Each structure stands twice: as C-alpha cells, then as structure tokens.
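Note that chain A is present in both complexes that follow, paired respectively with chain B and with chain C.
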Partner chain A sequence: MYYPGCSVKDYAKSYEDSAIAVLKLFDVELVELDRWNCCGVVYEYSADAVMQHVAPLRDLIRAQEFMSKIGDNRLVTLCSMCYSTLKKVNEIVTSDSEKLNNLSEYMDDEPRYNCGVDVKHVLEIILDDSIMGLKRIKEAVKRDLSNLRIASFYSCSLLRPKGIGIDDPEDPHIMLDLISSLGAKPIKFPYEKRCCGSYNVVYDRSIVERTVMEIVKAAGRWGADMIITVCPLCHYNLNIVRNKFNIPTIYFTELMAYAMGLDETLSKETLSIFKSKIGGG
Partner chain B sequence: MAGQTESKKTVKIYIMGREYEVPAGITIMKAVEYAGYQYIRGAGCRGGFCGACATIYRLKGDYRLYTALACQTTVQDGMYLVQIPFAPAEKVRYNIEELKPTGSTVLALYPEIARCVACNACTKACPQELQVMDAIQMIKRGDIAKAAELCFDCISCGLCSIRCPAEIVHYHVFQLVRRLYGKYIAPKAKHLEIRVKEVEEGKFDMELDNLVKMSPTELKELYDSRDIESPEG
Partner chain C sequence: MFKGLPQTVYELSGKNPYLCIQCGVCSGSCPMIKDMDIPPHQVIRMIQLDMQEVLNCKTIWICASCNTCSVRCPRDVDPARMINVLRILVQRRNIYPVDLRRVKGLLDLPQIALISASRKLTG
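Up next is the complex of A and B:
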C-alpha cells in the first residue's frame, strides 16, 4: 500500500515519479490507497490532544480497509513528515487503547481501527535486502557517478524521535551508504541532521533563509556538488539558497533514477542539474 | 363520513422549541406549513435541488445533530428542528481570467482550507451524500479536476460550512473549483464553437427573419406541422 501525501502529489511530484520508477525496476509496486486525506502533520506536530490525531488515524483506517484488497499491510510513504506523523499516531493508538477509544468516539463514521497497519518509510523498503537492498541497487547502476560528491540531508522527521526515526539520530548513515552504492562520493557534513527551519518558512522566511544559508554553505565547504533529501519541505527550504552556492538539493530517488538511467521519469530541470555537475552524463 | 373511521397516525415534533402534532409520513417542509408557518425564505424548488431548505435537528434521546433538506426528509417522532435558510459567508472576489487551475490558487483565495483536520463533519452533514472532506483534500493536493468531480452535485445548502471546525466555506470554494475546471481543464466543446461562429456569420438570419414576418396563423400552422421525434424513431 502506498500513502503519497499532499506534497508528493503537488509540489514534490518529481519525488513520486522517480521513486515509483526506481522501485518498479526492482518489481516493487506501490499501490496508492484508493482514498486518503492529508496526514494531518500541521496539527499532529503542535500539541498532545485528540483532534490532531483524527486525520492520521483516518488514513490508517483507509489503509486498513484497503489492505485486504491487496493482501499487504505495509503502508509506505515518501515524505518523511507523513511517515513520522502516521507512524507516531499508529504507535500511540496501538499502545494506548484509551486514546484509541477517545479518538474512535469522534470518528463514528468510520470502522474501528484494529492496529494492523505497518507504516514504513520508502527507504526502509529500499534498504531491505529481502526486497531491494544495497547489493542489488549497486548492480542496477548504469552510470558512472564517481566524480559526483553528494551530501545527505536527513530531515528531522526521518531521524527523530527515537523509535520512530529509522536511523541513528546522532550518527545517521543510511543515506551515505546509499550514495556509496550508487557509485558517487558520499559527503558527511556536520549539518546533515540539522533542522531546515521547517514551517517557519510560512511565518517568517528570514528565519529559514538564515538556517539554510548555514547548511548549504557548510555542504559546499565540505566539498559537496549537491544535496539529497527525503523530505519535500527540506527540499523546498534548502533550494531557497541553491543559486547562491550553486548547490542544488534533489530527492534521493532522483539520484537513484539518474544512476539507473531512468531519464524519462526525471524532469528537464533535474537532468540539467546532473549535466551541469558531471557534464554530458 | 368515509375515512373518518381510519385512525389518523400523527407524530410530535418541535419547531424552534414549540410542540406540534403533525401527520406521520409528511416531509418536514409540509409539517412546518401544516403547523401554520408560511415560508418567506427557506423554500425553493421543493424537489431537493435548490438547497434552500437546509434543516438541522436532533431526536429525543440522541446526542447527534442531524442535517437534512426539509423538502426531502419525512418527520420523525420527537424531532427538534429548525431551518437554516442561509449560511453566512463572504464570497471572495476574483477574476477567473487571471487565475491558474491549481491548488495554490484556491488556497490563496480561501486559506482556511489549510486548517482542515480531516474530521469529516462536512461529509456527515451533506444531504447530497457527497464526499465533501475528500473534495477539500483534493484541493490540498492540487487535483482540481477530481475536486470538481467530487463536488459536482453540491447544491450550496451550506450545511457543511456551518459544521466545519476549520470554518471553511465549502460551497464558495467548490464553485471556484468548478469554474476553474470548466474554464481551464474540461475539454472544449468544439461543436459549440462552430455553431457560435455560424450564428455570428449570419447563417440563420434569413430563417429567423422569415419567422418574425409570419402571421400568428402561419406560425401556428408551421408549429403544428413540425417534425416530432417519437421514441421509436
């Protein structure tokens, strides 16, 4: 099952296109939920109350209804904010039946949630040796990226909180491993797990501009040609200063698609980024 | 007298708190008139299409607030009801020629859409049984065509908007969405363009002039001798 999230359908369409193409190459099919709504991130992240959990729980119920149709209880997201929100609420209602009861009272228009959905970030699928794994990814690479130096930017919601995050929040490595497997040079830099400024961009763009300036500048000092990320909001924020430092931020799946020669799924803009960085391709 | 022996079934309803005994099986709208009220607002087509007779009610012993169209819903015993002929809301002014058919366009004009928490109160309130919340969600993800499809049967009764905790004015939003769809996304009707061009070029002028010149008797004759399509063809 696949939960896209609003960003991935609109602003971050290139994330979805490249991810689906890469996974398809490995016979992994993402089947989009036939009905879904916003994961509820804005309210979910604000404070601990009932209303904020309604949207994510409704999505979990949609997944529960859908999973019997495709015989698979794994719900995959691309956007790390959607992942974090759905995963967290899934854990909350699974471990706290009183909370689930409270929420269900507000949602008497839906069947009860049985806590049987397994929320996954797409990176977990990609790194799982029984599904894809780094070894097979290495084999699928068709382009020489050895001159490309790539920094990874993890996004808070992929690493934190502990238990929800899918990598060591202090010393993450999965994106670096992926970059290595694709044959490019991974750049580990000190700001890889910093917050990009998140939704502050809506209220005060200057806060975010200051933050991403530091991040992207540092990536440049550590020698990166480009940055990869898992989060549409990080992507948006980091790209505010892309021209200042000539360091664009792209989705990690776009890098994978390029490495594997899936050019037809990539936007002209993304292709031109690669061309300018390695020349010709 | 015949019919008098038949026991007349009635139900008790409460219109704005006052008790009335009305015949069972009639619509809320007829019951309100039976009770002696005269409609000045809040009644239109009486056929479930115009959305003028939005009604809210509760039933005895039930905490839920129900919504209905008065002309489409039969009275029930113990119904507490009131009609809401108008859902107050400001319609944002825009020039459709200057807009792009995107989610951001709609969000910029009606930013409260971003406050949707997916509580589904709008969907539960809709007397047309539309997937109202899903339509709002389609706007958030930028799918104007799907949003327009989901809200196609909206009759602008406003019941969703008075139930929405995010205070979205769905019926105005949906009108904008359908206009964007009609202007920018829906396939153009080519035959219409051709016909308009023909009209402008005067293809039918002579025929029309002839009709104008005809006497009432001649017109009647022409009308009576017209081709009538029969179902058999």
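Up next is the complex of A and C:
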C-alpha cells in the first residue's frame, strides 16, 4: 500500500514519479490508498494528546480497510515526515490500549483500528534483499556515474528518534551504500545528519538560510557535486542556496531513475542538472 | 511526585527533568542554538527550578524538533520532547507567538512546510 502525503502530490511530484518508475522496474507496485488525508506531519509528544493523533490514525484505519483488498499490510511512504508521524502513532496506539480506546470512542464513525498495519519508508523496501536489495540495484544500473561525487543528506525524521529511525542516528550509512551501488562516488560529510532548519522557513527564513548555508558549503568542501535527500522539506530548504555553491539537491529516487536510464520520468530540470554535472549525459 | 512545573512537565512528557545533570551535550549538539536566547540545557535547569519564565523564552519556538539532543542525552531526559511540552503549555494559555496571517510569501512554500509550521505554532 502506498500513502503519498500532500507534498509528494504537488511540490515533490518528481519524487513520486521517479520512485514509482524505479520500483516498477523491480516489479514492485505501489498501490495508492483509495482515500487518505493529511498525516499531521508533526508528532505530538505530550502524553495527554488525543486530537493530534486523529488524522494519522484515520490514515491507518484507511490502510487497514485497504489491506484486505490487496492482501498486504505494508504501508509505504516516500516523505520521511509522514513516515515518522505514522510510525510513531502506530506505535503508540499499539502499545497504549487506553489511548486507542479514547481515540476509537472519539472517532465513532470509523471502524476500530486493529493495529495490523506495518509502516515502512520506501528506502526500507529498496534496501530489503528479498524485495530489491543493493545487488539487484547494481545490476540494473545502465549509466556510468563514476565521475559523480554525491553527498547524502538524511533528514531528521528518517534517523531520529531511536527506534523509529531506520538507520544508526549517529553514523548512518544506508544512503552511502545506495550511492556506491549506483556506481557513483559517495561523499560522507559531517553535516549529513544535521537539521536543515525545517519549518522555521515559514516564519523566520534567516535561520534556515544560515543553517543550509553551513550544510551546503560543507558538502562543497568535501567535494560533492550534488546532494541527495529523502525529505521534501530538506529538498526545498537546501535548494535555497543551490546557485550560490552550484550544488543542487535532488531526491535519491531521481538519482536511481537516472542511473537506470528512466529519463522519461525525470523533469527537464533534473535532467539538465545531471547533464551539467556529468557533461553530455 | 514533584510540584509545580517539574510535575507538569513530568506528567506530559513522561520524562523526569531531575535526571538532567547539566552536562550540556544537548546544547553542544543543537543546530539551532545560535538563534536561541536560552540554551537547551538551561531550559531543563529552569524546569527543575520551577521557573515559570521559561515559558516566555524564544528557544522553545526556535527548536525544530530534530531530536539530535534526545538521541545523544546520556540521561535519557529527552530535551526535544520537554521543549515540545513547554510549547503546548504556552498554547494552552491561548498565547501564540507568531501570527501566520501576517507571514508573507506563504504560497511559494511547499505544503509540508506550511502544515508542519502551523501544527507547531497552533498545537
């Protein structure tokens, strides 16, 4: 099952297009939920929060209904913030039956949630050896990217907190592994797991500008040609300073699609980024 | 168990503020610290001392909940979660620091930024 989320349908459409195309190449189909709503984006930590969990729980109930239709309980997201929120809410209603009871009473127009949905980020699917795995990805690469030096940028919600994140929060490596199996040179730089400033961009742009400046400048110092990320908000923030350092930020699935020759799914803009970095394409 | 602000924060966050030993790892790790008025470890100290004025600080609105402090905290105090709780406490008094209606250029931002910011600022 596939939960898109708001940004992936508009701002980050290229993320969705490239991800679907790449997965299709490996016979993995993302079946979009027939009804979905906003996930709430930010998980609410206070113990007495109920209202804030309604939207994500409603999505999980939608997934539960859809699950029996397609016979698969994995709910895949592209956006790392959706992943984080849905997974945390899934965890809390699974472990705290009192909370689930409260929520179910409040949402009496919906069927009760039976805690059977498994929330996954698309990177977990891509790296899972039984589904795709790095070995098969290596075999599917059609282009030579050996001259391309790529830095990975993880996004907070993919790594933290512990237990929710899909890699070591202090020493992540999954994106580096992915870059090497695509044939490009991975660049590990110290700012890869740093926060980009996130939603501060809305009400105090200067904070984000300063933070992304530090990040992209460091990526340049470590010799990166471009940065790949998993989060639409990191993508937006990091691209604020792309022209200043000539280091664009793209989604990791766009890189995969390019490496595998799926040019028709990529936007002209992305293709021109690759052309300018590799020369000729 | 406790009294005043420490008790409220303990109840809402599920974490004990008195476990903090003021080691400063959170403040040393914080990517937003340059824009904060009070560093995170001092915010926790102010909670311990039941100083209500901590609710007026800028720090709690600058924190982007990136959780870097929380994964590094050696005492599992989870500063990001406590700061989240402080924001909630302010909002429950019907005080909101930013009027989103006055922010310019909203239409140029991606949806994810708008929704997450309004969730953070309005609870």
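By our rule, the second predicted complex is superposed on the first by the 274 of 281 C-alpha atoms of A that agree within 3 Å, B and C clash if a C-alpha of one lies under 4 Å from a C-alpha of the other, contacts with A are read in each partner's own complex, and residues count from 1 in each chain.
In this section, a contact is a pair of C-beta atoms (placed from the backbone, for glycine too) under 8 Å apart; a residue touches a chain by one contact, two chains touch by 3 or more.
Fair warning: this is a prediction, and the values are worked out from it, not measured in the lab.
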Partner chain in contact with A:R35 - chain B first, chain C second, else both or neither: first
First, second, both or neither for A:C6, with chain B first and chain C second: both
Partner chain in contact with A:P172 - chain B first, chain C second, else both or neither: neither
Contacts of A:V54 with chain B and chain C, given as first, second, both or neither: first
Contacts of A:P186 with chain B and chain C, given as first, second, both or neither: neither
First, second, both or neither for A:M81, with chain B first and chain C second: second
Chain B versus chain C as contact partner of A:C195, first or second or both or neither: second
Which of chain B and chain C A:I207 touches, first, second, both or neither: second
Which partner, chain B or chain C, touches more chain A residues: C
Contacts of A:M107 with chain B and chain C, given as first, second, both or neither: first
Residues of chain A that lie at the interface with chain B and also at the interface with chain C: 6, 10, 38, 40, 42, 52
Chain A-facing residues of chain B, complex: 103, 114, 116-120, 123-124, 133-134, 137, 140-143, 165
Chain C partner contacts - residues on chain A that touch it in the complex: 5-7, 10-12, 38, 40-42, 44-49, 52, 79, 81, 156, 160-162, 169-170, 193-195, 197-204, 207, 210-211, 232-233, 236
In the complex, chain C residues that touch chain A: 11-14, 31-32, 34-35, 62, 64-68, 70-72, 80-81, 84-85, 88, 98, 100, 103, 106, 109-121, 123
Complex contact set, residues of chain A against chain B: 4, 6, 9-10, 35-38, 40, 42-43, 51-52, 54-55, 58-59, 106-107, 109-110
